[in-house]
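For clarity, chains are labelled A, B, C, D, E and F in written order, and residue numbers in each chain start from 1.
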Amino acid sequence: MELTAGHVWLMVAAALVLFMTPGLAFFYGGMTRAKAALNMMMMSFISIGMVGVVWVLWGASMSSGQGFLEIVGNPFATFGLEGIDTPDGLIKVGYASTFAIITVALISGAIADRAKFGAWSVFVPVWVTLVYCPLAFMVWGGGLFGPEGELGKALGPAIDFAGGTVVHINAGVAALVLVLIIGNRRGFGKDPNHRPHNIPFVMLGAAILWFGWFGFNAGAATTAEQAGLIWVNTLAAPAAAMLGWLVTERIRDGHPTSLGAASGVVAGLVAITPACANVSPVGALGLGVVAGVASALAVGLKFRWGFDDSLDVVGVHLVSGIIGTVALGFIAVPADGVGGGLFYGGGLTQLWAQLAVAAVAIVYSAVLTAVIALAIHKTMGFRVSQEQEVVGVDLSLHAETAYEFGVGGHGGSFQPLHELITGKPLAEGAEAPAGAPAAAPAGAAVDTASNGQKTAAGKESVEA
Amino acid sequence: MELTAGHVWLMVAAALVLFMTPGLAFFYGGMTRAKAALNMMMMSFISIGMVGVVWVLWGASMSSGQGFLEIVGNPFATFGLEGIDTPDGLIKVGYASTFAIITVALISGAIADRAKFGAWSVFVPVWVTLVYCPLAFMVWGGGLFGPEGELGKALGPAIDFAGGTVVHINAGVAALVLVLIIGNRRGFGKDPNHRPHNIPFVMLGAAILWFGWFGFNAGAATTAEQAGLIWVNTLAAPAAAMLGWLVTERIRDGHPTSLGAASGVVAGLVAITPACANVSPVGALGLGVVAGVASALAVGLKFRWGFDDSLDVVGVHLVSGIIGTVALGFIAVPADGVGGGLFYGGGLTQLWAQLAVAAVAIVYSAVLTAVIALAIHKTMGFRVSQEQEVVGVDLSLHAETAYEFGVGGHGGSFQPLHELITGKPLAEGAEAPAGAPAAAPAGAAVDTASNGQKTAAGKESVEA
Amino acid sequence: MELTAGHVWLMVAAALVLFMTPGLAFFYGGMTRAKAALNMMMMSFISIGMVGVVWVLWGASMSSGQGFLEIVGNPFATFGLEGIDTPDGLIKVGYASTFAIITVALISGAIADRAKFGAWSVFVPVWVTLVYCPLAFMVWGGGLFGPEGELGKALGPAIDFAGGTVVHINAGVAALVLVLIIGNRRGFGKDPNHRPHNIPFVMLGAAILWFGWFGFNAGAATTAEQAGLIWVNTLAAPAAAMLGWLVTERIRDGHPTSLGAASGVVAGLVAITPACANVSPVGALGLGVVAGVASALAVGLKFRWGFDDSLDVVGVHLVSGIIGTVALGFIAVPADGVGGGLFYGGGLTQLWAQLAVAAVAIVYSAVLTAVIALAIHKTMGFRVSQEQEVVGVDLSLHAETAYEFGVGGHGGSFQPLHELITGKPLAEGAEAPAGAPAAAPAGAAVDTASNGQKTAAGKESVEA
Amino acid sequence: MKLITAIVRPEKLDAIREGLEAYGVQGLTVSAASGYGRQRGYTEVYRGAEYNVDLLPKIRVEVLATDEQADDILDVIIASSNTGRAGDGKVWSVDVFEAVRVRTGERGAAAI
Amino acid sequence: MKLITAIVRPEKLDAIREGLEAYGVQGLTVSAASGYGRQRGYTEVYRGAEYNVDLLPKIRVEVLATDEQADDILDVIIASSNTGRAGDGKVWSVDVFEAVRVRTGERGAAAI
Amino acid sequence: MKLITAIVRPEKLDAIREGLEAYGVQGLTVSAASGYGRQRGYTEVYRGAEYNVDLLPKIRVEVLATDEQADDILDVIIASSNTGRAGDGKVWSVDVFEAVRVRTGERGAAAI
């Protein structure tokens, strides 16, 4: 079949949404300390790698098509994408994959600076398979909440055009659960070095996210009118949310910050996600302001309540995700004169449906995430050693540092590759006093117990 | 109505143009000193926020439709975008909004490092309303310069396909006016620290701008032939301008610089903007070279004439904007054999029309910008205090620093949020000698007059 | 002709591919030392500038249309793009130009930190004209390897959907030849400062490359089915290659690195390039894994064999380019039931065709690149002086430094422009002892032989 | 008067400052340094090649003190920065010939 | 011989250099430092939480000088970096046992 | 005891370390500095305006040594960092009043 405008738009939208995940890597990576920036970015990158493979193999199959109990699709129906034969079948698979990728990557912000990379690499495919795919199936794939689903029929179908529940509430809840299981960073709430190390990167990330979000929200639009409305709403809500956030900061703290502007944009985008096709532009402005103010206030709660949601996944994605989802119960515009939210005379029907889908998403995500994360935490451990955390996860897990700007700050000897391949160890320090205790190195940066012994510590110290 | 190729292209183009403004934030942000980078980027971000809201409310309505005296549209005609009911109406509004956003953001480069953020936040919506909307209406919205407009009929319609007058001349003039009102940075022309702090960011910004400019120039293309011509010209002119700028530097200074390459690209893009649909590819190459050389020479004038157009908005946007606009009088290709520039046998008609529109844009923008900026400057003040400027506007206006790379450079105590919310002040320094004069802190970084008193200075010191 | 979906897609794809070259600038620029980052990025930028102009003038004409001996097109057939009159003719020219631009830019990674910028600026247009255009003509433009070409008829047409031979093998071979001619960096294999200075930039570059690669691979798709397959394969292969590379590092070195993730993505993209439209998604996964592992192993060989392919153009582009090209002989899916690779019962035909085109590309590129590079090296010299290399090519060739973060690291006096224009030299150092020998400054950073003499050294010291 | 210089672990900066403040020291100067010594470094991997980094980040703390206080201050610094593992660093003091407070021109002990 | 060390405001570097050049000093060494003292810091806000930054950027200037010139140089530095506000910094001098110019091996006053 | 301070070319750091290690020195401290002196700087161009940068990157190396070894160490440093061109830098030594190893509290020569 020849390429239609719809196909082209879907391809572009899919590329845009895929680009969002590296954007997220910068949004998050700039917010961590310099010594954990690469690890933060790697959590997003590995999500693309892992979910990209999972989606081709069984993820696509599990999130649509014929399902079990209206809950999840059959992983083997189109395993390896065999048997997909509608003209735009693969384009749609590609588009859907990018949503799964970014959803799991979103979670990582909550556990910055302290999660084992190996554990994260196990968590990602398992969580996508057991949490994301079913939820996507239930809401979009013809499951429980669809027009034919049991709950959809009972309550009227919930509106979640682009992923308020499946993406944002889901990721936000999972983030909260992970924080509670993994625990806070050392020095949380006390150490001023927890400030972001590169705010321009945060702004770059926010910009890429916004850019890609036009694909995220409008990719599934079918008519010109709908596409136009979504486009404008995807501009209006984050613009208003940015202002809302900045005004909140100005009043509360005295200064509007760049970090606030970037965060406000994301909060507005999150809130408009489920609602983008069903509210008016002025409604989008209002929704944006509310989301911006609410998330600006919410991100402070972690200090009060003492849970180290390091990069505010809960405060932004869970809070604004709920706001956007529930707001539809009030401000959804009637479609062809039918339905609509409370303010449009549609009564409480839509509100109940929205509350129900939000509640189910919260419970479902919380329970399953807890099971997965605990299983990992109890077996391989989800958290690095204290020493690795102090040294910095970039160095201890990836044997890298993000930046090398200066003279003087780095030196040392160089071991060409062939020594490694031949297995010949790095030369033992000749100057080490004989009889030095052969202390087992515990981290990449090694202090021997009493006097020095030269060891190629990096290699042994990685967590699995 | 089903999505057509035209709708898809317009949506993509609109997203591309929106992405340009964060690109500009990096282009500009990399050129300032490190201590003013965030503020520079914030001036672009807040433009998106402010204009995004303004456009939905009254901006779109004022820049098209039924107008007053062929000068400006009625702000209440489609206030809040109510009543727009053509299938692609909202898509076009979205596309148009991105032009307004970047135009006002462009101005900010001229007043880097010294403008009050609060004043800028007032300037942006007022300027867009009173300067941008009318000019857009006059040139594109069916006003004075349109085929039906008084001047259009008198002189023949001026060509400004994508915004040489409305965007670049307009922003360049406004930038010059602001510099003259606000004054130069401390140390202008003397302090070597005014060199750019992060040239890779400048190049990133230029790359994003170029990428987005394909949407900027070609978004309104209606035929394949036109679209193809615009695409190629949007490659050719900046490519040639980059070379022109670099050769100029090589001859004059001995070195072709990265900053020059990035700036040359932008100069070429500016010049081709009005002309992109009306010159041949070889014409675009020639126009690019001229713009690159001219802007490379022009950016040096600020040192001679002593006006601190900090990031060269005048030298690049005003100069190359005029070149591109006026060049059409010479090298416009006849449309269907009719008209064309002087070199194509079209006589002087087109040249007069181009000169007229450029002149009107210059005068209009200069006068109205001066009125707005003076009003702000005389009331709330447009410029930070000397101390805030020395400390750096990032810290004094936003209580942030762009980067935190190192050990040792930062310390201090941490005050969790709840103290702020409860209003409990930061603990007074126990070691401050009793009876220390309670000097009023004048900036975020506070020196007490003679001996120390610990004060949470940031909060009070922000400019409104 | 009205815009069709195909036109829109081609315009978008072309913009995406153009965006890849600045992406490459960051991918490469982050990998060099801080003192050579700008020069590295400039090698990409100048490629856009140079090839942009060349393509409009004669490049487009040489790579398609009526040719000489099935080897190259006539440069004057559509010189200056005159006479192109199909509706989508210019769009296709624009799209094709972006491939030429990135191919030559790819080469630059091999000669980081030590090439004369002037020599590179000569190499770029000559190489594109004499190496790229003919190869593009032979493979895509109706030449030797096309269905009507002599070799195409003899061996059956080789498959190279998006540029495995023309782009990646070609650039990889040229890179190897340049390294052998120009020689290694000082301290290669010994100096730990050769580590990348900004890995986030490398990841940004990889992200932009991936994003743009959807245009690169799918731009020429004609049906929805093909487009969908290409899109999914362009996700699957790099995702799998990232995992392959990381697992290789984990096993060999103990740590999966960020640099490895970014490199793995690129290796997977390179491998899928020729194959994107002709293998199944599962085939793409397999191809990706192989490419990721193979390139991860290959990049270490430079240390063993002692050739300083600084940023691994050979290990990534040549190795994975060959893998992708040859793999088609095994895993190409039969088109409409005809042909296909060895594993699909297509016999050895396709394999021979693939091997032939790879071999011809290697030989052709090696010989012509060697001739061009030697000619430049023997006349103007391709390599900077030792002193310029130690000082850093940013400063010695461009009189710039990439970053200025700190206090204290920079000072000195400022010479406003007019002195330069009037030719008045920088003031001679009053404190220089009389009778100091007027030593000729040899580099941008000048040590006078015995005692100081203040000289504006930068200007004279640039290489041509 | 004495100038006390301490080369210590970066993460000990806060402890030292608290210790010195508690003792009554009103000012100090900090800068970044890298140290090489008995403490061994770590390994970075690049393209399968290992770099052994053995210049490790340290902090330099400098305090001007009167002769009487110098010894106490030495002890405070040692107490607050000691971990017992190689790499803790060195503290030394040298005699100061003259010290001046720039703001007032005060000299000697009054300058501290 | 003396080694004069000045910890001063970063923005005063140029003034000091000009002052010293005018006096006839032909060389000096500069490095970055952070200072804590009577001068109070500023506040950064992050997520509604305040961080009080009280280590402020300073510049360290070091000059080797003969015993005769040392006192004048001290005065030049103080004169060119004084603002009268807290945070102006300290200048001190210590006795140098030996000084060598690496290029020539010259020792003592000839090394300066 | 002596504290030897060397301000030298950054690219000489490795040579100095090797020289000192060979001599038997077990530790040293390095930091970044910028120097101004007879060696002239370079020019950066920005917007057609030239900036003359004459503060050039240097490395500061500091070594604590016993009085006996101090002179040898001085010689080792000079030998390994000399190029004969302006800008090679300075090395000086000062008397140390007291030195302590933080890890153990050892004082004097044992602290080195």
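Observations
Rule of thumb we're sticking to: a contact is a pair of C-beta atoms (placed from the backbone, for glycine too) under 8 Å apart; a residue touches a chain by one contact, two chains touch by 3 or more.
In this text, all values refer to a predicted model and were calculated from it rather than measured experimentally.
More inter-chain C-beta contacts link the pair A-D than the other of A-E and A-D.
Look at the contact of chain A with chain B and you find different residues on each copy: under half of the numbers used there are shared.
Averaging Cα coordinates per chain places chain A and chain B 32 Å apart.
Rounded to whole angstrom, the centroid-to-centroid distance between chain B and chain F, based on C-alpha atoms, equals 48 Å. Per-chain Cα centroids separate chain D from chain F by 18 Å.
The multi-chain contact residues of chain B, meaning those touching 2 or more other chains, are 5, 8, 12, 189, 192, 195-196, 198, 204, 252-255, 257, 259, 300, 303, 399-401, 403, 405-406, 408-414, 416-417, 420-421, 458-459.
Contact of a single residue of chain D with at least two other chains is seen at positions 17, 26, 30-32, 34, 36-38, 44-53, 55, 57, 85-87, 94-95.
Contact residues on chain C toward chain F in their complex (touch as defined above): 390-391, 395, 399-401, 408-417, 420-421, 426, 429, 444-459.
Every residue of chain A that touches chain C in the complex is listed here, in rising order: 1-5, 7-8, 11-12, 14-15, 18-19, 22-23, 25-26, 29, 37-38, 41-42, 45-46, 48-53, 55-57, 80-82, 87-94, 97, 117, 198, 201, 204, 394, 397-406, 410-414, 416-418, 420-421, 458-462. Chain F meets chain E in the complex at residues 2, 6-8, 31-38, 55, 58, 60, 70-71, 74, 77-78, 81-95. Across the interface of their complex, chain D is touched by residues 189, 192, 194-196, 249, 252-255, 257, 259, 296, 299-300, 303, 312 of chain C.
Chain E contributes residues 1, 3, 17, 26-32, 64, 94-103, 105, 111-112 to its touches with chain F in the complex.
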